[in-house]
Amino acid sequence: MSLMVTGATLIDGVREHPIAGHAVWIEDGRIKAILSEGEVGAVEAARHIDARGKFLIPGLMNANVHLLGDARLEILARYGERFDELILEAAQVALKNGLTTVFDTWGPRRFLMSVRDKINQGTAIGSRIFCAGNIVGFDGPFSPDFYPKAAAVASPAFVSRINAIWTENVGRHLMWRTPEQVATEVRSYISRGIDFLKYGSNDHFPGSFLAFSEQVQAAIVAEARRAGLTAQAHTMSVEGLRVAIEAGSDLIQHANITGPAAIPAETLALMAKRQVGAVIFTVTECGLEWLATQASEQVRTSWRCMDINARNLIGSGAPLLFANDGGLFAPELSSDRAHTDFWNAICGDRGGGMYNLAEGHFSWFVAMEEKGCAPLQMLRAATCNIARAYGKDQELGTLEPGKIADMLILERNPLERAANYRSIATIIKNGEVVDTASLPTKPIFTAPMEIAPDEEARHIGFFSGATFPLCPSCRARCL
Amino acid sequence: MSLMVTGATLIDGVREHPIAGHAVWIEDGRIKAILSEGEVGAVEAARHIDARGKFLIPGLMNANVHLLGDARLEILARYGERFDELILEAAQVALKNGLTTVFDTWGPRRFLMSVRDKINQGTAIGSRIFCAGNIVGFDGPFSPDFYPKAAAVASPAFVSRINAIWTENVGRHLMWRTPEQVATEVRSYISRGIDFLKYGSNDHFPGSFLAFSEQVQAAIVAEARRAGLTAQAHTMSVEGLRVAIEAGSDLIQHANITGPAAIPAETLALMAKRQVGAVIFTVTECGLEWLATQASEQVRTSWRCMDINARNLIGSGAPLLFANDGGLFAPELSSDRAHTDFWNAICGDRGGGMYNLAEGHFSWFVAMEEKGCAPLQMLRAATCNIARAYGKDQELGTLEPGKIADMLILERNPLERAANYRSIATIIKNGEVVDTASLPTKPIFTAPMEIAPDEEARHIGFFSGATFPLCPSCRARCL
Amino acid sequence: MSLMVTGATLIDGVREHPIAGHAVWIEDGRIKAILSEGEVGAVEAARHIDARGKFLIPGLMNANVHLLGDARLEILARYGERFDELILEAAQVALKNGLTTVFDTWGPRRFLMSVRDKINQGTAIGSRIFCAGNIVGFDGPFSPDFYPKAAAVASPAFVSRINAIWTENVGRHLMWRTPEQVATEVRSYISRGIDFLKYGSNDHFPGSFLAFSEQVQAAIVAEARRAGLTAQAHTMSVEGLRVAIEAGSDLIQHANITGPAAIPAETLALMAKRQVGAVIFTVTECGLEWLATQASEQVRTSWRCMDINARNLIGSGAPLLFANDGGLFAPELSSDRAHTDFWNAICGDRGGGMYNLAEGHFSWFVAMEEKGCAPLQMLRAATCNIARAYGKDQELGTLEPGKIADMLILERNPLERAANYRSIATIIKNGEVVDTASLPTKPIFTAPMEIAPDEEARHIGFFSGATFPLCPSCRARCL
Amino acid sequence: MSLMVTGATLIDGVREHPIAGHAVWIEDGRIKAILSEGEVGAVEAARHIDARGKFLIPGLMNANVHLLGDARLEILARYGERFDELILEAAQVALKNGLTTVFDTWGPRRFLMSVRDKINQGTAIGSRIFCAGNIVGFDGPFSPDFYPKAAAVASPAFVSRINAIWTENVGRHLMWRTPEQVATEVRSYISRGIDFLKYGSNDHFPGSFLAFSEQVQAAIVAEARRAGLTAQAHTMSVEGLRVAIEAGSDLIQHANITGPAAIPAETLALMAKRQVGAVIFTVTECGLEWLATQASEQVRTSWRCMDINARNLIGSGAPLLFANDGGLFAPELSSDRAHTDFWNAICGDRGGGMYNLAEGHFSWFVAMEEKGCAPLQMLRAATCNIARAYGKDQELGTLEPGKIADMLILERNPLERAANYRSIATIIKNGEVVDTASLPTKPIFTAPMEIAPDEEARHIGFFSGATFPLCPSCRARCL
């Protein structure tokens, strides 16, 4: 099928400036050519889109999502045989919001690959998925790396089953092994069909430890290279970051998160020199202001460093990458006031915010604009930089002839104002216009919660006088 | 349809001795007549069962089951919309093992009533169910009364929804109320269609507290009476037991469990005088012996008192009732060694044991025989005594003309040896032979666990050196 | 020694109105006579106090203190052999603030009696102490009744030793016993020399359970009567209150605390009819307003009921008693912002507040004034009503000839404004002027915390990225 | 003062074989000369010890003790101002059992240095102490590195004070820092007067993480070198071990503990090449056999690897060092059956065992003998190897003229049978005979527990029916 998009201002991700008066000709899912107005008439396209006054940009990408990000006990028990449905719903929410490609950096490999393949084969619709499966060195959802309390409640057999699905043979136990032993396990894991490799340079909690020595990290990266995959590291501290770069990582997840210390200049220089992809997680000014009023001095310091790092990375020369751990969450969680209050405060007037797969990229653009990031640098951070860091730039990331036809038509100019990224008129993926109204096709997390029958809705929960403050030492009991 | 059972020795639950040479004639689900051999020829029955050399007894009953007894977080999350399937499976396992009627004394009212009604209407097969719904004064599965840790892991909305399903308006908050206020709520709860009323005289954990004053208990019992229902109490201490009897309870759940103190003679006498149904939970000698080697002195004392109470109740004159909290459990739980080791030790050579819906009644007969309970007293404890205590003796509990035709044909004489109850040849419920081979029709908890794919099965869990004893104070950390 | 106080307006607790122009003549620690101005000259007193323009009232009493109220693990470990020092310090702080008599209703019997006796013998100075030792039915500090987490941290031998010191033979295990068995243990406990008996009608946490049946409660009260002691109950719910009254309790601790339900009119009437002492715990309006903005609906409801009950008790005809669980707390606790923020909000501009042994009575008068309690009713609630409820009114509670000479000279009229109770000029106990400047003689909890050496003061605590919110499900981990 | 020890077989730690017929002449605390029998007569010594038939060896050393090893909440609260007394008691117990020098590798610096100095100045008696203070990178007793639950029970101010005493400026927060920043803090810590430097290469729990990158470790070691101190690392994994060696550590604490993986041959070779001191923690065969019956496969694997590593290190060429985390423990802990059962099983017929400061070295010799370690290699592991690894071999570790006169006279030959180390006849430290009968001079942990008064001793603890197994799901609640 062929498609011709005419009249739009073209922001192709390659040129330093937008160009007007050109059309994009799409054939068989790829960009056949960029035509001048005069050339359009000579082409017979099955469908025409008149985009006069609008703006055409490459499809957006997210360098770090978790399509099955809500890995809490009640969710994994409830949807034990339906993980693929949850993953597909998330991929559809992503696509509906302009993300034509997403990189899943932690999740259940078997189910992620299954949905990935269905979308690639055209038997399901959704954002294009590339996935890593497990983070090498991390253990499963019901381990100390994620929700350790689950193991105190669930049966050992269930805990073990879930952890095995996520972890397979590349979990935390590798930390006890030599470089050669780790390499052998990683090779076996890669052979199962993942798209890229992710490992922990730092641990997940508290984040200050190193999961692997530099020598082990180098061995892991070498295995990815041998298989033709990119390698990336999860880092949380200045040393975790430095070691991962020196070990050869292609990109760094949340490079700007380094706890209560800022990235040293030498490390910034090294990232630029090696052109390591620097994923930035960020929040807007209003969020930072609110955070400054919260929590302990150490937490505040960490948020401040996260911002300083982001600003320094903008000017560092390292390629920036947009990502946000984007995922969907069960309505029981996403409607819980303990969460909504927090996220509303962080994200300002728009709900959802930072880690919301449907919203986070829009917030990110606004936040980076506030920090002084140049408009084109931002666009590239969410398109061609990601494609390049993941080794997918032959096919994706810019509007160039020969590339896969993933693009967005925006009502307003995104280079003028970051908020304009929200003005999506049309989404084209694989050369086809996406029917966004139909997505997600089977709402689960995006469906409303069931209403309880009347006799249950009137339930009064138990009340404990222990919550009724009696004296300082009784309070001490409850604190 | 009509059915004629001939040739069996008849143990009808009424006569003090078995009688031979009689047939039981069943019509339209009820016992039409007990015929002498000579009379049989005059009747034309659609079906004949030749039970020569065998023994015919009333269908067994269990005065305390929890058809949805595995109310842990992972189960309620996984089967959130399928509680009825779990309940039906349990009712079928009960029936398959000779329990033609069960009394569910704690569970989700709405779902229990739904399965009860389907079985009564003949649209599903299973043991006949009478149910109480919630125990008045107890809160839901994710409350301090059952699995409080679940509330630390699950989302508040889910915790609340589950607790509301079990508790509705008769939860723990009633303990803060006056007798009149409690009565009003109980009346409303009864009106939803439960078969009998159960309330807590003692709390669930630790079991030594009183949930309601005697005056509140009397008000609760009065509401049951007003609605024509029987009332029963959950008791755990000698005072909880005494107060419940004085408040007018018709039967007492686990009357022999009174913690580390034995029931006083006056209380035993009162039970006999008022003919309060005394439910006995018990274990065999081999289990008691093993228990004597375990745990603290206080726990051992409690088990000893439980046995002393059972023996004293046998001779007290109070009607004994068989029950065992029988339920089914997910294979992840029932195959967990922490459980199986315990139950195998308690129950001797046969797996399953005391609280197993499929097995517990057989163990119970053996245990009571060991304590010197007379054979007929045992039979009645599992049949007509239960029917009478629950006010169902017009219809159930003995083999008498006019009663519903629930009965078992045994290969061997149960009055000779308690173990002979296991020799079930044929189960007749509602006058129809049960096709036990087909039960349960849809195995869930009785189905085997799924096999993991190879790459998951080889998973090595995380290992913490913290479990590796280094020094006494490090050990203190872990103890 | 003799002492003459002249010139003060006399508020003796007996007359309905203050009288002027009288002197109080004290001999050998007792009030010898109330003299008219003319009579004073005839008496030769060793010491004269000119109290012109001032106000003379009976010494204040507190019907519920815990002289060793900070029973947390770190305190009991630190002061393991010095409990008497902590108790004495508290008794001195009480005396210094106008409380000439206090009733300790929960604490380590052996140590309390030791300090009590020293003060009575004159070898130590402090508020006059009457003590109950343990609350019958409650277990020790490291039990579920108080700080259960301590048992997870401390060595079993230490946990057991502490619980034994507080509990001896009248702990929670009595709930498993019959009325006769409980009575026997209580009799033995009384014989060790306590001044009055306290038992739990409700449990401590959650407070909605009954600890003892009415029959057991009656047996406990009967033992107190037999020994000539008063009996009191700890109640937390409307039924716990009613049962305790019917069982014969002389006074009720925190009668106005009944959880989320208000005391029914019948119970109020019964309290008046039997003249049961109604201890009221209360907070000022500003505290109630702040509370209304906090916590859950159920907690708010409970605070509201606490206020409604207090107001209803004022007009009920039952004798009101002042008390507040007053105690001292280690500076580590009393300076902890989690506490100070709470108590400052509750208690308005004055620190300390409700449960502070040094301050709480002053707040109480203000709060009761706000609720419309008559000035003389308030005075009596803190003097003669307490004496009468505890059976000490032959000796204490009013300014009458023959009574022990405990009294306060105030600068301003307490009947005019409740805040004037703070204007203490002179404290007389046992007929002697208290040297308040010297109290406490050996500050422990009232001493400042030690200053750390410089290298320790600059310590930076560990920081966990886990407190650094990354995504909603990570947050779920930490909530 | 001078002392002459004559007649003993001399095992001086230098020669490969014992020599007979020599005397040791001690003057002013040092070995003046080793004399032949003929030379003895020419010397006038103040005191003579006739050691005919006995064996003279250098004083034993322990390369890893924690003189204040029981750092649990109840202990630190109880002895908050008396840490020096506990440390001194431990130093005296060590000396009494033949350890003339101990190296404290984790404890409260300020108190350890104070006791160290008193012993060195002769104002207190005890084993010679060298101390590191904190382990760089580890946090205090009430942190996740040791007893995290304490922080949930104790007041924040107390938690913080204790953690500051142990940690000062070199705690876990350094993991967030760059190499330069860490070096600066370490320099400042060294300047306070510690004897050697210890840091974490691995974390404490779970032990598989790296605390510092190789570059940070090298910076830490460089600071020790600059100050003339030795540097050592705490390692727990094969990579933690390798990185520490490559970073330049002089000795490795518990080199043979590497979790469930054995040390690779290359790492063993590197240890030998660099002559890195290899501390070995070990247990006897009977302990290993018992352990093989316990716990999970992973724990068993770890114990097996610990043994394999020990055997491989014996033949590796690296200098072996004896150590055992030796400490004293409060009687509440050391008499707790949960501990004693474990340690008795591990240590065979002698109580105390592996981590007991008084006993552990004797067990260690037996265990190493079982593994085939040569007698002289064992002796050196507990004497001159330790001295050399800590840079103290100019003064300590062998019986050579000029060295400090620390030595033991044994009844039986330790080179014949390892058990003979127990046969201590005389302990000489600093040239003086130790009066072992007087040690410890002020027993605290070695004193018996106080006896409770009768009324407390008869205390019956609370009993929870929750420990009374009712049904599988109730059991699930408690597991």
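Chains: A, B, C and D, in written order; residue numbering restarts at 1 for each.
Definition applied: a contact is a pair of C-beta atoms (placed from the backbone, for glycine too) under 8 Å apart; a residue touches a chain by one contact, two chains touch by 3 or more.
Owing to the predicted nature of the structure, the values given are computational and were not obtained by experimental measurement.
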Pair joined by more contacting C-beta pairs (B-C or A-B): A-B
Remotest chain, chain C as reference, centres from CA atoms: A
Centroid spacing, where centroids are CA-atom means, of chain B and chain C in whole angstrom: 49
Centre distance in Å when chain B and chain D are each reduced to the mean of their C-alpha atoms: 59
Separation of chain A from chain B, taking each centre as the mean of its C-alpha atoms, in whole Å: 51
Chain D, residues touching no fewer than two other chains: 72, 144, 147, 149, 155, 172-173, 176, 206, 208, 259-260, 333, 338, 461-464, 476
Complex contacts: residues of chain A adjacent to chain C: 66, 69-72, 146-147, 149, 205-208, 236, 257, 259-260, 281, 295-296, 298-299, 302-303, 325, 327, 329, 333-334, 338-339, 342-343, 355, 461-473, 475-477, 479
Touch list for chain A against partner chain D, complex: 144, 155, 172-173, 175-179, 181, 203, 206, 208-216, 237-239, 242-243, 258-261, 264, 476
Partner chain D, residues of chain C touching it in the complex: 72-75, 77-78, 80, 110, 139, 143-145, 147, 149-150, 152-158, 160-161, 163-165, 167-169, 171-173, 176, 192, 330-333, 335-336, 338, 449, 452-453, 455-464
